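As written, the chain order gives the labels A, B, C, D, E and F, with residue 1 at the start of each chain.
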């Protein structure tokens, strides 16, 4: 079982980098950027769990990935006609 | 006895993640959003339930929390895909050319 | 007991069950804190529903519930096997369509459960619910008489849910 | 694990800063900042990780007496927990200001806001 | 063009620093002195099973007070900025009905989500989680209610009352610690109990619950303020 | 045997993760990406359960519960946004 967690970590890292690139590239539409940033945060949360930090993982999932994404979408709905 | 339970649990885990894989494959292969949601919802729900059941076999003392996660998923997962399908239909998401009939379209647009 | 008080009691009981499953155990302090929190939440959300709110308290309804879950899991497994077969075949044999299905259920919980069950079972996904009509997306729609074919989508679950919730 | 986390975190910081500095849309800049924020958190937690040790929460499988030999450093975790919470506060503030700016100027493009040019 | 080159140069420099840090990093085998202190002494000092919680609530309690204050300030400023920025008049769009399924579902799930939030912050000293996470989950329940019915209005007085009351009690417990025990926010004003039980670790569950309520109220007021601004 | 099956589980889960990530990258619409996001969250729950089994710590399961909640709320938020953006 010892090789399992680092392998998962590597997979997550690769996915996070891809999602981060999607988030900052300007050509995609804004909702997709925000979703990609949410995905980075979500995967970071699993990564925290693998780094033996369940407290941080839960905080990142509930606050970093959850609330932040919701706030972004709330504001986006209000500045949409740009 | 425990060895048998362990084996059962591991088999359930593997079956569950096989269903997850089918679901993700369907998500990738299907032609439009409704069919993707179909594949995604069903397979991930059953897959996760099987994984949780497998974990409960491997670690019997965790069953209350695993049951709770399963129940929660059983209610939220179909609900979220229904809401998403409705939103997609309202925004006029493209349907696959294979679609034979759309009686919701015939009813006429959004508001209920 | 008035209906409102009964709903409140049912919600409170459900929340306590949830608390116990969350891992409180039967220690006195944990039970006390859980009861306090559950009571506050139940009072604050008096329009909150619970899984058991509209469940009829008759033995027949309970039996129907058990049968319902048996049927539900069988259908869930079947639907997944079918979906796996579709996804794995190279030709992707689908002929999707959105059809409408009539339901007789009136209670809110019953309708929610029906929509959820339809979503999780063979090749169907509820898209919209409007009065007595459910709009259901099907992956493989048989050619021919849609009315008769679609009526079967709901009746399997309705049979049990009608006894449970009415 | 530590190396993976550190490398990912550093790369995320760079990607986030790149996005924040090259995009012109304010909302995009805020998104990029939140990516960089995640990267910083990942680096900090990664530094606290020690190979083969468990999470700093004692229970039946991890009695208090064995704790110093078996748990990882709890301090970075507490720090990062704080950082995440403050992070959402600052993000909310940035978003509110961006919305206000949009209402008064009708745009989110920073190159059209003269006073902010550098 | 020059700007982009400058940015790339800056990032390249930063990348150099980072790679130097990465390749120069040697993992420790032992905890450093501070961490070893926390690992060894936490149970004796505070009786909390979750050492991270013990650090946040007791050892670094003053920082947490500051953190909660910062969060309060940012919520207040968001409310202020949005309240003054609300678009006056304008054609309001016909509200879209939320759909029966989501409405029923939200009525079913909101109490459960709230109870999950309470469980997370009450058990902050035993399991992962605590006031901040639990508060965020309480706010998620608010969000679910808002999404199921966008026209819903929350009682601002109730939210504000909850927030100021829990903040006040938090400071009061801190001062009690100064009077009865070793210092500000010392948790030993209540008995430490046995490790692993709900009523253990002195005042930590109480303080973290108050933090949870306060954080939940703050995030909820932020979301409610956002929802009340008009959509274009 | 049990060990092998666990590795098989991890491998299948990783494949599922990559496939769903592929849908997330390809899109084309935001709704497709949200569907992929949902599936990725659910696959992460499996990942968390596996990590909990590997480390033998039941407390990790609390995080999985938060994830189940999060996937639901995220989808609902984006659906709400999409419905109002026609």
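By definition in this document, a contact is a pair of C-beta atoms (placed from the backbone, for glycine too) under 8 Å apart; a residue touches a chain by one contact, two chains touch by 3 or more.
Here the structure is a predicted model, which means the values were calculated and not measured.
Visitor: Output the touching-based chain groups remaining when chain C is disregarded and all other chains stay put.
Guide: one piece
Visitor: If you take the mean of the Cα atoms for each chain, which one ends up farthest from chain D?
Guide: C
Visitor: Would you kindly tell me how far, in whole Å, the mean C-alpha position of chain C lies from that of chain B?
Guide: Between these chains, centre-to-centre, one finds 15 Å.
Visitor: When the centre of a chain is set as the mean of its C-alpha atoms, what distance in Å lies between chain D and chain F?
Guide: Chain centres of chain D and chain F, defined by C-alpha means, are spaced 21 Å apart.
Visitor: In angstrom, rounded to a whole number, how far apart do the mean CA points of chain C and chain F lie?
Guide: Comparing mean C-alpha positions, chain F is 23 Å from chain C.
Visitor: Of all the residues in chain C, which ones touch at least 2 other chains?
Guide: 18, 22-23, 112, 115, 126, 128
Visitor: Please set out, as single numbers or ranges, the residues of chain B touching at least two other chains.
Guide: 23, 25, 37, 65, 68, 72, 75-76, 79, 81-83, 86, 90, 112
Visitor: What are the residues of chain A that contact at least two other chains?
Guide: Correct list: 5, 50, 52, 54-55, 57-59, 62-63, 66-67, 70-71, 75-78, 80.
Visitor: All pairs of touching chains?
Guide: A-D, A-E, A-F, B-C, B-E, B-F, C-E, D-E, D-F, E-F
Visitor: Hey, which residues of chain E end up touching chain B in the complex?
Guide: Residues of chain E touching chain B: 96-97, 99, 101-102, 105, 108-109, 112.
Visitor: If you look only at chain D, which of its residues touch chain E in the complex?
Guide: 2-3, 6-7, 10, 13-14, 17-18, 21-22, 50-51, 55-60, 64, 67-68, 71-75, 77-78, 81-82, 84-86, 89-90, 92-93, 96-97, 99-100, 103
Visitor: What part of chain E is in contact with chain D in the complex they form?
Guide: 4, 7, 10-11, 14-15, 18-19, 21-22, 25, 27-29, 31-32, 34-36, 38-40, 42-43, 49-52, 55-56, 60, 63-64, 67, 70-71, 74-75, 77-78, 81-82, 84-85, 87, 126-128, 132, 195-196, 215, 222, 229
Visitor: Please give the residue numbers of chain A that touch chain E in the complex, ascending.
Guide: 54-55, 57-59, 62-63, 66-67, 70-71, 74-75, 77-78, 80-81
Visitor: Note which residues of chain F are touching chain D in the complex, please.
Guide: The touching residues are 55-59.
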